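Mind having a look at this structure? Questions to follow.
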Amino acid sequence: MTTFTRTGNRAANQLRPVRITRHYTMHAEGSVLIEFGNTKVLCTASVEERVPPHKRGSGEGWVTAEYGMLPRATHTRSDREAARGKQTGRTQEIQRLIGRSLRAVFDLKLLGERTIQLDCDVIQADGGTRTAAITGAWVAAQDAVNQLLGSGKIPQSPLLQPVAAISVGIVQGTPLLDLEYVEDVDCDTDMNVVMTGAGHYVEVQGTAEGVAFTRAEMDQLLGLAEQGIAQLVQLQQQALQNTP
Amino acid sequence: MTTFTRTGNRAANQLRPVRITRHYTMHAEGSVLIEFGNTKVLCTASVEERVPPHKRGSGEGWVTAEYGMLPRATHTRSDREAARGKQTGRTQEIQRLIGRSLRAVFDLKLLGERTIQLDCDVIQADGGTRTAAITGAWVAAQDAVNQLLGSGKIPQSPLLQPVAAISVGIVQGTPLLDLEYVEDVDCDTDMNVVMTGAGHYVEVQGTAEGVAFTRAEMDQLLGLAEQGIAQLVQLQQQALQNTP
Amino acid sequence: MTTFTRTGNRAANQLRPVRITRHYTMHAEGSVLIEFGNTKVLCTASVEERVPPHKRGSGEGWVTAEYGMLPRATHTRSDREAARGKQTGRTQEIQRLIGRSLRAVFDLKLLGERTIQLDCDVIQADGGTRTAAITGAWVAAQDAVNQLLGSGKIPQSPLLQPVAAISVGIVQGTPLLDLEYVEDVDCDTDMNVVMTGAGHYVEVQGTAEGVAFTRAEMDQLLGLAEQGIAQLVQLQQQALQNTP
Amino acid sequence: MTTFTRTGNRAANQLRPVRITRHYTMHAEGSVLIEFGNTKVLCTASVEERVPPHKRGSGEGWVTAEYGMLPRATHTRSDREAARGKQTGRTQEIQRLIGRSLRAVFDLKLLGERTIQLDCDVIQADGGTRTAAITGAWVAAQDAVNQLLGSGKIPQSPLLQPVAAISVGIVQGTPLLDLEYVEDVDCDTDMNVVMTGAGHYVEVQGTAEGVAFTRAEMDQLLGLAEQGIAQLVQLQQQALQNTP
Amino acid sequence: MTTFTRTGNRAANQLRPVRITRHYTMHAEGSVLIEFGNTKVLCTASVEERVPPHKRGSGEGWVTAEYGMLPRATHTRSDREAARGKQTGRTQEIQRLIGRSLRAVFDLKLLGERTIQLDCDVIQADGGTRTAAITGAWVAAQDAVNQLLGSGKIPQSPLLQPVAAISVGIVQGTPLLDLEYVEDVDCDTDMNVVMTGAGHYVEVQGTAEGVAFTRAEMDQLLGLAEQGIAQLVQLQQQALQNTP
Amino acid sequence: MTTFTRTGNRAANQLRPVRITRHYTMHAEGSVLIEFGNTKVLCTASVEERVPPHKRGSGEGWVTAEYGMLPRATHTRSDREAARGKQTGRTQEIQRLIGRSLRAVFDLKLLGERTIQLDCDVIQADGGTRTAAITGAWVAAQDAVNQLLGSGKIPQSPLLQPVAAISVGIVQGTPLLDLEYVEDVDCDTDMNVVMTGAGHYVEVQGTAEGVAFTRAEMDQLLGLAEQGIAQLVQLQQQALQNTP
């Protein structure tokens, strides 16, 4: 361990304060504002009574995600993707990741021929937007599923277990949990880990931004991520226990 | 006048509760969440030290706006424009209106060769998003201008006076101020009015959605709008008087 | 009133010479070349025996418009939108305005499940192309409707009354009817007014290009527009009385 | 020869009535309406004091063309390319052909570093729009060049000789000159020929729409085209001799 | 004839070495690598049990082609069309030519309601890619047809006869067969000729790149092309006689 | 271990036959066909004496990659991205991965202000195209670097060490090295690993396609990948030792 000091003297294995606000907007079947410190992502889950072509007639549903960032969610303004006329490669990568992560905990047969469309929009960015999005989208999806159950449209929940995600990385030689922006730009290795409530991996994406990393470093990072995700799953449960 | 009853027994000439929250996000030079009842629009003002090609070398600055709606800001989810690959005609119409409205109260020479980029993103929609956007964008622009003044980049404010906007319309024969969504879909005539703090018109856009409207009706609508905008200008001033 | 002098000593409340040539091209069900002085717009009405998705199975028809400008219709050549790969915001705004204006005088039920597609293409531009387009498109639409009536496809006209449009504006302090290009670039306030044959408003779009305008100025402009549109409606009727 | 009868008893080797109207619109440096029977194409030539990147600093100019068709120039309405967001392959093929044909008779060095932009827009289509466009564009280009010469911008004409074009084809076994639409849809072989005033080939594009064609047939078609183009070159000269 | 010397002392009327490799890739119903000297084009024929909208319900099939060039098939890298987001006009022109050429020898009724999709991708370019593509695509199409016949899906071959193509041109006054790249960039006239096995023309596309060409020159070029295509048709047959 | 049997009785920890063919095409500075069994990817490295905007004036170069798949590289034909007008999210994800992987072993300062553009085009797909692309692109990059060194443009190699990649996965409970297509579609977990010649990680991307995977399974997969990559690095070296 080095002498690297985190904002607010946060410990290397400590999450930023996480806040999960349900029913943040009024129209969506699930609507969650999730905050990891200064990172704020609005995750909505919309139920649509149709499926994409590859699922039509299959008896199965579909879960998919889109991701966006408000132009001034970041330090300097980034171009509005709608005005540029296309989503960046980064955006597409992230929304594909969110979609796969959520589908990993869904039984699409139990969902029936309908779609849960997740929209994750970053209101303010300070590192870790994609992992916050996955963690928040799961809560929004749960609210949408509860509404389907409540209305009798489905008899049994298709949401099999929780899923949550966190970033870890090595900054100036120190493995850290839940990187904020200044840590992220400075890190040698950046890893996003998505795990189920049962502690199994859904996605592991590690990238050497600077020097390549060793197996020992990877093991340290996976250990940090496991701890962080276990806490996030608890926070998801707490949020859902609050009425309504 | 008919027996039409508004939500919460609102009077025909009464605004919905308006809330203006400054510094809503942390990166932008101006960042305002404006709420007209359930309509919530995040307006950010970004200062960029460059101008578009038609202003280069002119000694003048530029003020422009972009508008967007989160996919689930509305009752049913609308397609994400970034994913569709283009902005709708409606979006373009609105962002051009916001840009013109703000430029009407700017002295671009005093701004110097820099751009104030306004981003108006609808978090939740319940009617009147474009007029809320204009009203909030002005406050965000004022915060950005104050920062330019404070940093000594400009010696004199280029923002000459307030500008604010409101919708009015005729619903079941009754002229109403500040239409919410259920009124908007039901109205025969819909008018958006943009006025300066001095009570002069910047834009008037009236559309007969059902039957064409008479001169007398138009006069009634203009009167309602004038009252509403005067109140909005006061609310803008109050918001700015709060520290910082 | 100031000493401002118009081309050809035209009076402030005088239209430019208006010419309406029906059957200008041979394929369309309605084909009208409309000229307001040097502004020339070709308006065609095409009948298509299908409707867009949102009208399928409704028993109702649809009326819609597209607008374009030949690249060298203007003083300096403008980019061809087809080559740029998208329509400008201005183009979209105008074609939406034309479509709304025409729909305001159509009974879509009487039209039956078919579409009248209006194409307004500017051959030569000298101010007022959108208002000329609306005025000419109505004549083209009437010709198309007459053909539907003549062929027995519909028993009763869905075109309930005339619609016409004119621009008005304040140039160097003087309110003027029917702005030509040199007046348009010099004006402080520019207003497009669309009215029915009965003298009711369909659209009013006023914009302060320079200084904001007062209620008194607005009243003057509306008065000028009302006179001009009454004359245009007469010219439309005369054009239609010419055989065939 | 068969018993095939052409509209108006036109002979197999006879052009449709050709009309060339100069100064058809007022803004362009050259503006020509060319009519081959019912086919009407507006050809404008715009002089722009800049060149595309591959000519910058070369001391040479550029000549290029764009082609378009008004949506209802044809029997049934075709989609507006600007609205679809791209030009069809056919449009691109045609505008590339027009550009190459005109460049073949230009000395780009004598033009200097400027561009002549040709816009060929089909107002009404009845077969042969691309060959009419080339023939008309040459006249428009000549008018633009004359204006450059008149203003002293260039001392010597860069337009070395005329160029004109015609379609020929085999319909029901009969070789025909200048196909109109009903002949075009029925033809087995369709050939577009572009020749200089000196009677040399610039482009020959022959296509078997039905059965492949023999060398003997090709020779007949080339002979017809040669006659037709010689007449077109005369008509171009006559049009230019009319004042101004 | 001049003293112009071709690579490897190739005679003016001599093809480059042509190699046709069937079954070059394993998934497509027909897969042919065709080489004209250093020009290498991979032509695949894919059978799809559906037709485009304009053929649905007609009982007829469709044959169409797409063309592409790997970014570094050429001397200097050209932009990847997929990354640019559109195909160039040249690409579209070529793929339309390939499609027309192949359809000219197909009886679409005998094909039944299915599509043969030809993909011609240039692995290495050294002149003549479009004519190599046509020549190779025909072999790939024959393999795909043979598979349809073998599987009993069609009782009779819809491929009526061979089709092949070659480029000819005039370089420094000398008419040459089968231009390689250094000849192509230097030529005054460039002609692509597509002929059937029976020696009839499907397409003739001649372009004066420099000075316009005479009828006598054209005749020489057509003669060269006829010889070259006769040899290519023999090479196609030989390639197909090799098992399987 | 289960009773799962691989094609050709391949062992679970055995690579498919790997072939690396340098100088596969003639124009590119580096051109490598890499084959992993039936997967064939053409990797070219092009040296361009310019850098993208974010590197201009930095003294540093850039390394970037694009990826594509020929339409019929796969079992059923996939749409041509150039014709669709955009690259899929999958394509963008892959080309970003290739670019990051290669940059991880480059010293951009030593490269100087020039770009190495890698193009990886899949000629035939049978699983593992992205990892083959990385492995082959490194060899192509080395050839391009050698040419820069040979021509004296750079004094010292900017390519610091090898990089190679392999896929691993769990199929029917068995961890396997180097998945072919039939294994890939059937696998529960799919992981792509990119490592340097020194055995350090550049990228790890693991995805649970079916059930989430455990830490123990992950460890097994990482072990397999490490073995495979060590072999690939040897094969890269052998290929480069062959003259020239």
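Each chain gets a letter, A, B, C, D, E and F, in the order it is written, and its residues are counted from 1.
In the analysis below, a contact is a pair of C-beta atoms (placed from the backbone, for glycine too) under 8 Å apart; a residue touches a chain by one contact, two chains touch by 3 or more.
Keep in mind that this is a model prediction, so the values were computed, not measured.
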For this session: Check every other chain and keep only those touching both chain E and chain F; list them.
Result: none
For this session: Could you work out which pair in A-F, A-B or B-C copies the interface of E-F, where over half of the contact pairs coincide by residue number?
Result: A-B
Problem set entry | Angle of the C-alpha superposing rotation, chain A to chain D, to the nearest 5 degrees | 180
For this session: List the centre-to-centre spacing of chain B and chain E in whole Å, with centres computed as mean CA coordinates.
Result: 59
Exercise. So what's the Cα centroid distance for chain A and chain C, whole Å?
Worked result: 51
Problem set entry | Inter-centroid spacing, chain D versus chain C (mean Cα positions, whole Å) | 33
Exercise. For chain D, what residues touch not just one other chain but two or more?
Worked result: 85-86
For this session: Make each chain a node and each touching pair an edge, then name the shape: line, ring, star, complete, other.
Result: ring
Problem set entry | Ring path (origin chain C; first step to chain D) | C, D, E, F, A, B
For this session: Would you mind writing out the residues of chain A in touch with chain B in their complex?
Result: 25-28, 31, 38, 40, 42, 44, 46, 48, 66, 68, 70-75, 77, 80-83, 85-87, 91, 117, 119, 121, 123-125
Seminar exercise, completed: Per the touch rule above, chain D residues touching chain E in the complex are 86, 89-90, 92-93, 95-96, 100, 104, 191, 195-196, 198, 200-208, 211-215, 218, 222, 226
